[in-house]
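Okay, so chain A shows up in both of these, paired with chain B first and chain C after.
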Partner chain A sequence: MIRLTIDGREATVPEGTMVVDAAATVGIDIPIYCYHQALGPLGACRICLVEIEKMPKLMTACTTAATDGMVVHTQSKAAEKGRRGILEFLLINHPLDCPICDKGGECFLQDYVFQYGAGQARFEEAKIQRHKEYPVSPYILVDQERCVLCQRCVRFLGEYVGEEQLLMDGRGVHTVITNVPGIPVTSPFSGNVIDLCPVGALLSEPYHYRARPWNIEREETYCSQCPVGCPSSVTGRDGQVVRLEGRPTPGQWGWLCDHGRFTYDFGTHPTRLTEALLDANPVTVGRAAQVLGERLAAVVREHGADAVAILTGGSHILEDHHALRRFADEVVGTSRIGLVKPVESDLPLALLGTFAELEQSDTVLLLGTDPYESVPVVHLGLREQVRKRGLRVKALGDRHLLRETLAGEEWVVEPGGMAAALAAATAAASSHPDARRAAEGLDPADESLTGLGQALVEADALTILWDGREPDLVRALVALARARGDRATRVLPTFGPRNWLAAVRAGIPTDYETTRRILMDAADGRIQVLLLWGADPIRDFPDGDLAARALERCPEVYFGGVFPPEGAKLLAGMLPTAAWAEETGTYVNMEGRLQTAHGAASAPGQARPTRSILQTVARAFGSPLRRLDEWDPYEGTVEDRVVLPPLEETVTSVSRSEAAQTGKDSGFRLISGFDVAVTHDPSEVAARTKEERPARMHPQDLEDLGLQDGSGLVQILSGDRSFRVGVRSDPRIPRGRVFVPRGVTGVPINRLTTTDVAVRVAEEVASR
Partner chain B sequence: MLEALKGIASGMKTTLSMLKEPRDTYPYPEKRRELAPRYRGKHMLAVDEDGHELCVGCGLCEAVCPAHAIRVVAAGAEGDRTVSWTERYAVDYEVDLIRCIFCGMCEEACPTNAVRLTPFNELAAYDRKDMIAKKEELMAPPVRR
Partner chain C sequence: MKKLDRHYLLRHRDVAGIGTLKGYEADGGYSGLKKALSEFEPDALVDLVKASGLRGRGGAGFPTGLKWSFLAKDGRPRALVVNADEGEPGTFKDREIIEHNPHQLIEGMLIASYATRAPESFIYIRGEFLRGYEVLQQAIAEAMEGGYIGDKVLGTDFSHRMYLYRGAGAYICGEESALLESLEGRRGNPRLKPPFPAVAGVYGLPTVVNNVETIANLPPLILNGAEWHRQWGTEKSPGLKVMSVSGHVARPGNYEVPLDTTLRELIEMAGGVTPGHQVKAVIPGGSSMPLLPASKLDTSIDYESLVQAGSMLGSGGCIVMDDTTCIVAAVARVVRFYRDESCGKCTPCREGTYWMTDVLDRLEGGLGELDDLDTLLDVADNINGKAFCPLGDASVGFMVSAIRHFRDEFVEHITGRTCPLGARLYDTVNY
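Let's turn to the complex of A and B:
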C-alpha cells in the first residue's frame, strides 16, 4: 500500500493506482474527460492537471501513478490556472450551442467550465465548422463540433469491445470522430458510447431533442430484456419511457447492449395489450377480473380446486409471482402451478454462480451458448477478464461459439452431443465414481476431448455458461462438479425468461416436468380453467405441440400479461398487466440476485399491476388475499441472493439417444439457442436494427441452396411439419446445420419432432 | 358625549378634505391605468425578421420557473430550419397563467430572447383550462386596448 497526501488529506491506496483514483478515495473530485477505469489511462484531454510537489510542471492525474510520500495539490493557483487554460483551449472551436444540445444540463463540459473555467473567451476568430448531427449508426449521431477528442468512444469500441468501428480522422484541430466511410457502426455495444461521451458529441438519435434533465423522472432500474439484469437508469417523461442508460455500480461498469438499451419503449408498442378482452370483446379490466373470479369459483365448486392450473411466464416481478403463489394456495387451493421456460432441463440450483465468481474463475466454459448473443454484457465481462488477467475460455457446442473478440479453445460436436462429450471428457480426466457413472456406455473420449476434460477438472475455479439445452447435461455437469471436489464449479444459466428465478424465490415449481404434467392434464381435459400469467407456452414451451393441444382442449384459458401470446384466438379472456418501468418491483437475475427496479412511467390504457388484478379476482372468488403487500422479497435472502438448496442429484449415465441420430445425406441438422437480438420485446425504436432473418447457415450451404447474396427466405421441413424463416449467412455455423433461435414468434421450432430437417428456398411473399 | 362628537368631527374633516384630492380609481374598462414600461404581464413568443421562431425549445425557462408554470416539448424540425432559426424548435409551449407569478425569470433565462412578458394584464376566463396559454396563443401576442 502507498500513502500520499492530496490537498492535505492522507490517502492509502494499492500500488499502481492513478492519482485521480486515489483522490476519489478521499472524496476529492478531479475533473476528467478521457480517463475511464475500464479503459485505462490515456492522458488525451489534459483537464485533470494537478500540481505535484517536486515535479517541475503540472501533471495529469489520470496517467500519473501514485507513489509513496507524494504530495498533490488540486486546488493550488498553478493547478487552477492550468485547468482554466485547458478549458479555454477546449472552447476555441466548441460551438456553445447548449440551448439545442441534448446533453445540456448533464454535460461535463458545462459543469467544468462553470466550476473551473474563465468567464470569458479571448479568442475572437471564427470557429471551425464541422458535421453536426452526423449519423454513424441508426441510433447514434455525432456532432463533431462539440467533441473534445477524449477518445473514450474510439477506445471503448476498438479496445474494450474489440470492434473498431469508430475512428479519429484528420490531424490537429481538424481531427474528428467518425465511422469508416460507408460502413455504419453495427456493434451491439455501440450505445455505450453515448453514456461514455462526456460532452454532447455522441447523441442518442431516439432521445434527440426529447427531454431535459429537469423535466424527466430518472429512476434506478435494471434492464428487462435478458437474464443478466444490467443496472441502468430509466428516464420517463410525461408518463412514457424515453431513454435507458447504463448505471455504473460498485463492481460493474454499467454497460448495456443495444438490444436492451433501445427496447425501452416496448410498453407503448402498438401490439401491447391495453384493454381487457372477454371472448374477444373489450371490457373493463375490473369486469374481466370479476368474471374470471366468478368462473373460477364456479369451476372449483363443480370440479374441485385442481381443475384450475396456473402457469407463469417468468416475466412479471417477484411480488407478482408471490401473489400468484398465494392466489393458488389460499384462494383457489390448486396444486397445479408451474413455470413455462424455453428449455427442457432443470438446472441444479446448488451450482448457480455469480458474476463475482466469474471474475475470480480461471477457466470459463461456454456450454452450447454464445454469450454475445444470449447475454451480451457477459460477453464484454469475459473479454475484459481475458484481456486483464488471461482468463481461459473453453467452448463446447454444436456450433462455433468463440469469435474474433473472444479467443479461446473450442470443441464443436454433433447436434445433441454436448452431454456425451462433456461426460466423456470428464471421465477421461477424472476417476471419480460419478464421472465414470455419467460416461457409462459412451465411447471413450478422443484425444482432443481429453484436453478439455483436463482443463475443466483441473481448473482452480470454473464457471460454466449454459443455455439449458440437452437435459442430459445436468448429469454431466453434476458429475463434473463432483469430480472437481472442493474447487468451485459454478453454472450461470443464459436462457430466459428474464425473471424465471423469481419463481424459485416465490416457491413456484420451476421444473420442466411439473409444467409438462399440467399441460398434459389440460390436453387430456382434466383442467377446466388454465390461467397463463405472462406465459406463452405455444411459443416458448419446448414441446410446442403439447402446449397447442393444451390450449385447444382446455375449456377456458385466461391470459394476463403485456403482449398477447401465440394462439390468442383460443383464449377466453385477456387481462392487461403493468410492465417493466411502470411500477416498482423486484427482479431476480441469472445469478439469483434480487434487484429492485423503480418505475418512471405509467401503465397505458387499462393495464394494471398484477397484484391489483389478482386481488379483484380473489374478491370475486369470495376469499380476498390479505396482507399481500407486507411480504418482503428480501427476507431470508443471503447477500440479496435466493437461498440455494444443496446439491443432491444422483448421477446416472448420460444417454446417447439424440446424439446417435445422424443426418440424412442431403438433409440438415437443426440446432438452436438463444439470441436476444431477435427475441427481445417488440419495440419501435429497436426495430431499426432488429434482425428479420433469425436463422443462420454456413455461407457455402447458402450458396449451394442458391442464395448467393448470403440471405433469403427458406422453408424448413421435418416430417409433415414446416415453417418459413428468414436466413442469413454465418460462417460460425458448421456446414450441414441450420441454426434457428428459440422463442421467436412465428418460428415454431418447438413443434418439430426431430432435428433432421430439409431446407428449401422459399419464395419471398410480398405481403404486409 | 363631547368626546364622541369631537371624534366624528375629526373623521369628517379628513373625509371632506379628500374630496378635493384627485381620484385614485378609474372607471374601468372605459379608462385604463397607465402601466410602467417594463410591466410584466402575459407571455409572448417572438419571431425574427424572417419569421423564424426564436424559441429553440431548450427548456431553460421551464427549469428556472419557480412556480413550475411552463412546459416545453422540443423536437427536430423536418427540413432545413423550417420552424425556428435552428433545427430544434418547441412543439409544445405552455404557460399556466394561474400558476405563473409573473416574476420574469423565464424572460431573463431565455438564451434567444424568445420569451418576453408583454404588458398585457387582462387575464380572466370562465374555465381554468382556458388559463393555460398554448403555443399558438403565445405566438400571437395580445394587444392591450
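Let's turn to the complex of A and C:
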C-alpha cells in the first residue's frame, strides 16, 4: 500500500493508483474530462493539473501514479491557475449556447467553470464554427462546437468495445469527433458515448430538445429488456419515460446496450394494451376484474379449484409474482401455477452464479449462447476481463459464438449435439463417476474435445453462460460441476424472460414440466379458466402447438399484461397492467439478485398495477387478499440474492438428442438462440435500428439460394408447417444451417416438429 | 576553435560519388560496421558511445549511449527507429545527409542495431522528402545486395532487416512517441509515458529512437574512437554538429562545425548578414527555441552555453534575422506554424496556439491593445509546462523571448496602429 498526502489529508491506496483516484478515496474531487477508470489514463484534457512537491511542473493527476510520501496540492495557487487556464482554453471555441443545450444543468464543463473558472472571458477573437447537429447514427448527434476532445467516446468504442466507429478527424484546433464518412455508427453499445460525454457534444437524438434537468423526474432503475438488469436511471417527464441512461454502481461501469437504452418508450407504444376487453368489447378495467372474479368463483364452485390455472410470463415485478402466488393459494386455491419460459430446460439453481464470480473466474464457457446477442452488456464485461487479466474464453455451440471482439477457443458441433459434446469432453478429462455416467453410451471424445474437457475440468474457477437449450445439458453441467469438486462451477442463464427468477423468489414453479402439464390439461379440457399474466405461450413456449391447443380448447382464457399475446382472438378477456417504470417494484436478474426499480412515469389509459387488479378480482371472488403490501421481497435473501437450493440432481446418461440424431438430407438444419436485438419490447424509438431480418444464414448459402445481396425473405418449411422470415447473412452461421431466434412475434419456430427444414426464397408481399 | 580540415558527416562535400554503395565503399565506407562486428561485443559498443559523450542531435541532446542502455532487458526483441521526420523550421541538416550520404546513415543504423541487439530497424522519413525517400530506397537495396542488410551480415551471426516508412506530413510526428504511433499506422498523436519507448516502443518492443545525424556520427566514431570524438567541442558537449544557417545571411546552408563554435563565427562562415545591416536576433536551434539578441552572438553553440544564454541548441536550425525583420511578424508567423501543427490532443496546445495566433495577427495588423501583451504572456504561461508533449512548450519559447527582448517593437505596433517596418504578413500567409 502507498501512503500519500493530498491537501493535507493522508490517503492509503494500492500501488498503481492514480493520484486522481487516490484523492477520491479521501473525498477530494479533482476535475476530469478525458480520464475514465474503465478506459484508463490519457492525459489529453489537462484539467486535472495538480501541484506535487518536488516535481518541477504541474502534473496531471490522472496519469501520475501515487508514490509513497508524495505530497499533492490540488488547491495551491499554481494548481488553481493551471486549472483556470485549461478551462479558459476549453471555452474559447465553446459556444455560449447552454440555454438550449440538452446537457445544460448536468454538464461537467458548466460545473467546473462555475467552480474553478474565471468570471470573465478574455478571448475576443472569432470562435470556430463547426457542425452542431451532425448525426453519426440514428441515435446520436455530435455537436462539434461543444466537444472538449476528451476522446472518451472514441476510446470507448474503439478500445473498450473494439468497434472502431468514431474517430478524430482533422488536426490541431480543427480536430473534430466524427464517424467514418458515409458509415454510420452501428455498434449496439453506441449509446454509452452519450453517457460518457462530459459535455453536450454527444447528444441523444430521441432526447434532443425534449426536457431540461429541472423539469424531469430522474429515478434509479434497472433496464427491463434482458435478464442482465443493468443499473440505469430513467427520466420521466409529464408522466412519460423520455430517456434511459446507464448508472454506474460500485463494481459496475453503468454500460447499457442500445436495445435496452432506446426501448424506454415501449410503455407508450401503439400496440400497448391500455384498455380492458371482455369478449373483444372495451370495458373498464374494474369491470373486467369484477367479471373475472365472478367467473372464477363460479368455476371453482362448479369444477373445483384445480379447474383454474395461472401462468406467469416472468416479466411482471416480484411483488406481482408474490401476489399471483397468494392469489392462487388463498383466493382460488388452485395448485396449477407455473411459468412460461422459452426453453425446455430447468437450470439447477444451486449452480446459479453472479457477475462478481464471473470476474473471479479464470475460464468462461459460452454454451450455445452468444452474449453479444443474448445479454449484450455481459459481452462487454467478458471483453474487459479478457483484456485486463487474460480471462480464457471457450465456446461450445451449434454456430460460431466467438467474434472479432471476443477471442478464445471454440468448438462448433452438430445441432443438438452440445450436451453429448460437453458430457464426452468432461468424461475425457475426469474419472468422476458422474462424469462417466453422463457420457455412458456416447462416442468417446475426439482429441479436440479432450482439450475442451481439460480446460473446463481443470479451470480454477469456471463460469458458464448458457441459453437453456438442450435439456440434456443439465445432466452434463451437473456432471461437470461434480467432476470439478470443490472448485467453483457457476452458471449464468442468458435466456429470458427478464424477471423469471422472481417466480423462484415468489415460490412459483419455474420448471418446464409443470407448465407443460398445465397446458396439456388445458388442451385436454381439464381446465375451465386459464389466467395468463404477462405470458405469451404461443410465442414463447417451446411446444407452440401445445400452447395453441391449450388456448383454443380452454373455455375461458384471460390475459393480464402490457402487450396482447399471440392468439388474442382466443381470449375471453384482457386486463391492462402497469409496466416497468410506471411503479416501483423489484426485479430479479440472471444472478438471482433483487433489484428495486423506481417509477418515473404513469401507467397509460386504464393500465393499473397488477396487485390492484388482483385485489379487485379477489374481492369479486369473495375472498380479498389481506396485507398484500406488507410483504418484504428482500426478507430471507442473502446479499440481496434469492436463496439457492443445494445441488441434488442425480446424473444419468446424456442422450444424443433427437435433433442430433436425425440427419436426413432435407436441406437445412434449424438452429436457434436468443437475440435481444430482435426480441426487445416494441418501441418506436428503437425501431430506428430494429433488425427486420431476424434469421441468419451463411453468406454462401444465401448466394446459393439466389439472394446475392446478402439478405431477403425466405420461407422455412418442415413437413406441413412453414413460415416466412427475413434473413440476412452471417458468416458465423455454419453452412447448411439457418439460425432463427426464439421469441420473435410472427416467427413460430416453436411450431416446427423437426429441425430438418427446407429454405426457399419467398416473394416480398406488400403489407396491406 | 579547431578548424575542420574535412567533413565527417557531410562527407559527400569532399568525396564525389559517395551516395552510391560503390563510391561509399571506395572512401572506406562500412569499415566502421566491419570494425564494430569484428572487434566489439555489443555492450562494448554501448560503452564506447557512452565514453564518447555523443548526445542526441534531434533536439533534446540526451546522451546516446545512456539512452541505449535504458532498453528493457527482458529478452524481447528490440527495435531501432531512426527519426528522419525533420520538420523543425530552420533545420535541414538530416535532409542533406539522407539525400547525399545515405550509406553513412545506413552504416550507422547497422552499428546501432548491433550495439542494441535490434534485429529490425525502421526509418521514419518525412513525407515531403520524396527525393530522400527514393535515395534511401536505392541505398537500402544496394546495402542488401552488398550483404550489409539481411541474414548473417558480412558472414557474422548478426542478421538485420530494415524498413523505410514515409510520414504523411505532420510536424508532430517528429516527436518520438507520435512518430511511433504514426509508424504503426495510427493517428500521429503523442503517447502517454510511461511506458517509455525503451520499454514499449514500436509494436510494443523495447525501442531506441535516434535522430539521423546522431546515427551518422557512429561510423567515424567507431573507426576513430571516443577520444577522437572528444577532440571537438566542450567537455559536456563534445563532437561535431551540422548547423543549418538560414535567414539574412549571404550563404545560407549547412555547416559542419565543432560544438564550441560561436554564433558569430557561424554567421561569418555563412557570409555574414546583408551588407549595411546588423544582426537583430538569432534563433540558434530551430523555431521552437527562444531567440537571442545580437548581444549574445559570442555564445558558443554547445548545449550548456546556449542554455545559459537563454536559448537551446535544439536541432541546430540557426535562423538569422537582420534589422529589416519585424519581430512581431516573425512571431506571428512562427506561432501560426505551431497552431497548424498542433495535433489537437491536449487542450492548452490546441486552443492556446489558436488564441495566440489570432492575437498576434491582430497586433501585426496594427489592431492590438496594450493588454494584449499581458494576455499573450499569460496564455503562454498557461501552455508552458502544461501541455501533453513538448510541442506546446515549443510554441511559446520564441514569442515569450521576443516580447522580452523586443517589447518596444510590440508596443510600437499597438500605439502606432501599424507595423513600423511595413512587414506584410498577410501577403505571405496563405489563409
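Brief remarks follow.
As a convention for this text, the second predicted complex is superposed on the first by the 759 of 768 C-alpha atoms of A that agree within 3 Å, B and C clash if a C-alpha of one lies under 4 Å from a C-alpha of the other, contacts with A are read in each partner's own complex, and residues count from 1 in each chain.
To be clear about the criterion, contacts are C-beta pairs under 8 Å (C-beta built on N, C-alpha and C of every residue); 3 or more make two chains touch, one makes a residue touch a chain.
Just so it is clear, the structure is predicted and the values come from calculations on it, not from any experiment.
By the touch criterion stated above, A:Ile100 is placed in contact with chain B alone, chain C being left untouched.
When the two structures are aligned on the shared chain, A:Val678 is found in touch with neither chain B nor chain C. In the superposition on chain A, A:Glu133 makes contact with chain B only, while chain C stays out of contact range.
Touch criterion not met for A:Val474: it reaches neither chain B nor chain C.
By the touch criterion stated above, A:Ile92 is placed in contact with chain C alone, chain B being left untouched. More residues of chain A are in touch with C than with the other of chain B and chain C. Contacts of A:Arg122 after superposition: chain C is touched, whereas chain B is not reached.
Of the two partner chains placed by the overlay, only chain B lies in contact with A:Asn215; chain C stays clear of it. When the two complexes are laid over each other on chain A, chain A has no residue in contact with both chain B and chain C.
Residues 170, 172, 187, 192, 339-348, 350-355, 358-359, 362, 375, 378-379, 381-382, 385-388 of chain C are the ones that touch chain A when the two sit in their complex. Across the complex, chain A meets chain B through its residues 97-100, 104-105, 133, 208-210, 212, 214-215, 238. In the complex of the two chains, the chain B residues touching chain A come out as 56-60, 62-63, 71-76, 86-88, 111-112. Contact residues on chain A toward chain C in their complex (touch as defined above): 41-47, 49, 56-58, 63, 81-82, 85-86, 88-90, 92-93, 122-123, 125-126, 128, 148-149, 151, 167-168, 170-175.
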